[in-house]
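Order of writing sets the chain letters: A, B, C, D, E and F. Residues in each chain are counted from 1.
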Amino acid sequence: MVRIDGREPLQLRQIHIETNYLKHPEGSVLISVGDTKVICTATIEDRVPHFMRGEGKGWITAEYSMLPRATESRNVRESSKGKVSGRTMEIQRLIGRALRAIVDLPALGEKTVWIDCDVIQADGGTRTASITGAFVAMTLALNELAEKRAMKFPITDFLAATSVGILEDNTTILDLNYPEDSSAKVDMNVVMTGGGEFVELQGTGEESTFSYNQLHELLNAAQAGLSELFEHQRIALGADITEKIEERRMKK
Amino acid sequence: MVRIDGREPLQLRQIHIETNYLKHPEGSVLISVGDTKVICTATIEDRVPHFMRGEGKGWITAEYSMLPRATESRNVRESSKGKVSGRTMEIQRLIGRALRAIVDLPALGEKTVWIDCDVIQADGGTRTASITGAFVAMTLALNELAEKRAMKFPITDFLAATSVGILEDNTTILDLNYPEDSSAKVDMNVVMTGGGEFVELQGTGEESTFSYNQLHELLNAAQAGLSELFEHQRIALGADITEKIEERRMKK
Amino acid sequence: MVRIDGREPLQLRQIHIETNYLKHPEGSVLISVGDTKVICTATIEDRVPHFMRGEGKGWITAEYSMLPRATESRNVRESSKGKVSGRTMEIQRLIGRALRAIVDLPALGEKTVWIDCDVIQADGGTRTASITGAFVAMTLALNELAEKRAMKFPITDFLAATSVGILEDNTTILDLNYPEDSSAKVDMNVVMTGGGEFVELQGTGEESTFSYNQLHELLNAAQAGLSELFEHQRIALGADITEKIEERRMKK
Amino acid sequence: MVRIDGREPLQLRQIHIETNYLKHPEGSVLISVGDTKVICTATIEDRVPHFMRGEGKGWITAEYSMLPRATESRNVRESSKGKVSGRTMEIQRLIGRALRAIVDLPALGEKTVWIDCDVIQADGGTRTASITGAFVAMTLALNELAEKRAMKFPITDFLAATSVGILEDNTTILDLNYPEDSSAKVDMNVVMTGGGEFVELQGTGEESTFSYNQLHELLNAAQAGLSELFEHQRIALGADITEKIEERRMKK
Amino acid sequence: MVRIDGREPLQLRQIHIETNYLKHPEGSVLISVGDTKVICTATIEDRVPHFMRGEGKGWITAEYSMLPRATESRNVRESSKGKVSGRTMEIQRLIGRALRAIVDLPALGEKTVWIDCDVIQADGGTRTASITGAFVAMTLALNELAEKRAMKFPITDFLAATSVGILEDNTTILDLNYPEDSSAKVDMNVVMTGGGEFVELQGTGEESTFSYNQLHELLNAAQAGLSELFEHQRIALGADITEKIEERRMKK
Amino acid sequence: MVRIDGREPLQLRQIHIETNYLKHPEGSVLISVGDTKVICTATIEDRVPHFMRGEGKGWITAEYSMLPRATESRNVRESSKGKVSGRTMEIQRLIGRALRAIVDLPALGEKTVWIDCDVIQADGGTRTASITGAFVAMTLALNELAEKRAMKFPITDFLAATSVGILEDNTTILDLNYPEDSSAKVDMNVVMTGGGEFVELQGTGEESTFSYNQLHELLNAAQAGLSELFEHQRIALGADITEKIEERRMKK
């Protein structure tokens, strides 16, 4: 089988992570996964949401949006509609939850990290690209904060995400682009740590189902792709920060 | 280990499914899973949403809500807030997607099934109870419709859902109640067909992660619980409808 | 004349009040008036709204809602519409105002009682059933509070509500069900105390009018029905609480 | 007893009705009831709302608003709040319902009359002044329409509204101004036809109740005030239109 | 050329400013510019918005609205739509900004002046009439405040606004009414001080453009009209207040 | 005087226009004006808004937004707030109006051009950069459309925008960056055609005013800057398209 963009079933698309893409944010990244491009920024705020005050730990929250012409046909802005869609909320909650799994929140102290993922161009996998890119933006911001305030480095492991799926002909594929995503009968997002632990697993049969064996095949495919993504993150963050993360993971 | 309500780690709570609970809806159920009680209704509308017109197939959509005092402390109504929360949207999308996996949508024709899940009392697992109950309410409604209109019976398999989780002490447990759900470090919802295929798998580490082995243990626990839930559904639906479902599954 | 459900013109429907219907709320009731079923809960909050702070008296506020399939055809959720309808607001204000007439608000102190009336099944008279049921739920909650905090028992009289109407053929009827309510030319809701005083009187000609004599007939019919409703409330609350209420009424 | 503005208990405030107050609307009025001033306009639209299409009859609907400084202290605009308050909705529904009682809707045909009542200055009784003024604005608009289109004159009777109340000292008073309205323990709005029939009766004990005898006294007071208001409407509308209305009433 | 209402190209419409039009506001005016009629009120609040606290200076903010039948055909209320239109926001921001240019905000101290401009009848030029009228209402309110609190008189100059435009035949006209405004190819609003300085200049080609020379002609026309408007403001405010304003201007 | 970024008073910032920046839109541009970066896209839709149907001419409408971290401190998304701010609406209306002045709308036919301007990074002048960039994106889209459909080329002239201002020390400056924009006492946006005609002129004294002479100086400064901007547009669009535009201008 050859995929519509010429890839092998278990081949990732071209990955590019440009750090410090914007001048204002504490951390920022432009991540490209094939034609999917997302600007991820991290903003540090010196307080936590109301429901967490006084607990002595930090919080991480995310927002996700698409430019109207990130997509093939123009999508109406959520600001014009006056409300955020269910899909957007689902993605935002996922990004925040995933990042919280690899941050030492008590070490962070009563601060909030705001993650913004704005999709400039979409070709499938925007939520997984957002997580992979947001990890880098957040790490840049928190590393600088840790240095400036002589605070403990709070990132405890790498974190990346990718998608896997099963096509109509039962092929298992890695890193679905938009046409693949639309036609796949099973679609699974996997968020994993650099240490190989699952953070989030979301597998869905679209008017379809999948067996125990297929689940295994999907997870293996995901793992292979994630190893590559961690390598891209290491390069983007540089040796110093990579070392700090590895050190913290070792101590867990 | 003994659980706070005295159950064994892999024991379901008391299940009760009362069919035809309300007089107006085409199908209705009051499902109790321990102290969690949900009214599930199914409404059949003779058209599909705009984006599906002319495709000759049906649609299933779900709404989910909680009474303000379904919970320990009063939660503000979403109608008063003027918007539906991200959590609610996530659950609504999950219920609809899950049910669509076991309905022969072309056989249904251009009709929409509206599922309403209203939580009267909450003690954890409201989304999985909603799916398990909604399946019964929808099946009752579609069975009647199929008979009245001499239409092909469109349900192709049983469908139920449960939760599994990992506690701080690493015990794997089945069917989490609210206190367990709040304290578990890993939480997974599993939606499965009567034939043992996955429809949806959502595993989440809450500021935590889980290994490949733990995933296996969780899935085994879920499968045991789901077998029992299917038995409850069979009893609630009766022999006739059960047979129709089994017949359709065989032909897949 | 025989009514469509076989009742005499001045006969109430079957009344049933199930107390402590839910486990979480401070007071709760499932009230059935014929096929109309409403879950009424009372929640006590230890503060009053902003505009009442420092006055040393309590407040009672109500919210009312219907499940989507409480009705013959599915009604859209107000949370999906993003706003509460005028009809809902009118009913909510009526319930709160009515209950405030029989509570000694200074004795209650700076607390708010939140009343939630959720209609599970509707067949006319949902607002009057809500008031009658909410009175019981609130009394249960405030009685327990009074005992626990050694506070003065704050309920000063019974309170119930019913509807009366005039049909096209000029018959005066009591306790209208939905088809009667839709076709009546005059429709009146009467809220009364156990002592026989009016709390609220809302009479409306629907594209029609009514005379002074008809008003009298309507009020007499209402009074007869209300006496019966008070009897149901007494039974539901039990002798102890009934006695406390009668005592407080005597002292007025 | 002398009232704060020097009136007798059963004396109306100064009434003034200025017709054709604005140049654009089909009918318009500036009504003053003491210091309460309301601009009432009537707009005729050549269709009915969706739920009434094909029934061959007309519809009347009303909107009500206050200028921010109609009141002592500035009230926030409902357009800024993004939603209409419960009080506003209640009043709007009341005005529309009341006017529908004295219009021959089938004679009107599939048209909607939009009534707009905008309170320029408020000193109590804005909803009753709105009804009394709106009747005149609507009659002017419908008279012109009937003439232009050689349609049957559709107004079947006069319609006016006033308020009555019971003060703390048990005096019954007519036409409450704002300070009286705030302190009265019982407050009743009465909408009546020129023929002396009730259209709407809304009596409310504000944390208080009222007896059967007090109800009678209130209704008598209202009736006296309404007779005067009908006289003002007759003068404002002129002899011709008055005659047409009386004629239609006679034929009922 | 004769204009549709018989005016000369550079002739203003009939101006009338009625002060103290309402009894509740600190300052109020009914301004008529031809058939355009606007109620302008000024409300003084003893605090500033959150973002200005502690700066020791005042703030002026404006709201603008139209009655539904201020216009030829009925416009839907913004409160019903649940949001304020872009046009309304633009006008509100303009009114506030313009007034802030001629108030000594530090002399005012931490107070907010709320300006409300409610268009009762519209025939073009509602925003410029609003500014001209609001200036008078605000000056009345601030003059009284200054006297009562022995505060420095804070108005530093007169302020008025008018519109100018270019018709299809290239005539430059002053003070456009609604039909002229709809057909003009260029439309410009000019806000000026009594001392002849610009405060705001908004010139727009409607699917058209204008040259440098045309700009000059437009500005000359505006200046002539504004001189007249200042004269009307002087008369409305009276000699005393006029003198105070002139004095403050001299000292700038 | 030297400006904070080292520029001369009448010097533009560095301009860069990258065409075809995104793969999906019919026309797209990334424009940089110093550190201000805006993605402008043009989408062509084959119908016009409801109010324009049947007029046989096209429509151009614009939306504008900022990424949350386009700015120094994070700004809350308008989709989260559930409404679009007045500032955003003002800018959107300005962009659409300006572009409509140089498009032959009847030649376009019943089509809508949707312009989206998304500010990636903000440093003052985002609305003028949006207009300048949107012109290029729209021209690319309409040129392609005209070629594909053998339609008349509908762009009748170049269009660009810039800002000018007066600092506290009375220096007139061109192309204000954010710190200059915040401190300037007068601020003017000028939108002009390649032929030197004004399309829009918005001059505002911020708690300040400006004289006739200052107006002249501002306009001269603007004109100089705009000439340079047109040169950048010509280069970005290339010789072919530039020629088509010049041809159409000649024929006006």
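Everything below uses one rule, namely that a contact is a pair of C-beta atoms (placed from the backbone, for glycine too) under 8 Å apart; a residue touches a chain by one contact, two chains touch by 3 or more.
Bear in mind that the values here come from a model prediction, so they are computed numbers and not experimental data.
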| item | value |
| --- | --- |
| Same-interface partner of D-E, chosen from the options C-D, B-C or A-B, over half of the pairs matching | B-C |
| Separation of chain A from chain F, taking each centre as the mean of its C-alpha atoms, in whole Å | 34 |
| Chain centre separation (chain B, chain E; CA means) in Å | 61 |
| Centre-of-Cα separation between chain F and chain D, whole angstrom | 52 |
| Residues of chain B engaged with two or more neighbouring chains | 82-84 |
| Ring topology as an ordered chain list, initiated at chain A and continued via chain F | A, F, E, D, C, B |
| For the chain C and chain B complex, residues of the former touching the latter | 22-25, 28, 35, 39, 41, 43, 45, 63, 65, 67-72, 74, 77-84, 88, 114, 116, 118, 120-121 |
| Chain D - residues contacting chain C, complex | 83-87, 89-90, 92-93, 97, 100-101, 105, 188, 193, 195-212, 215, 219 |
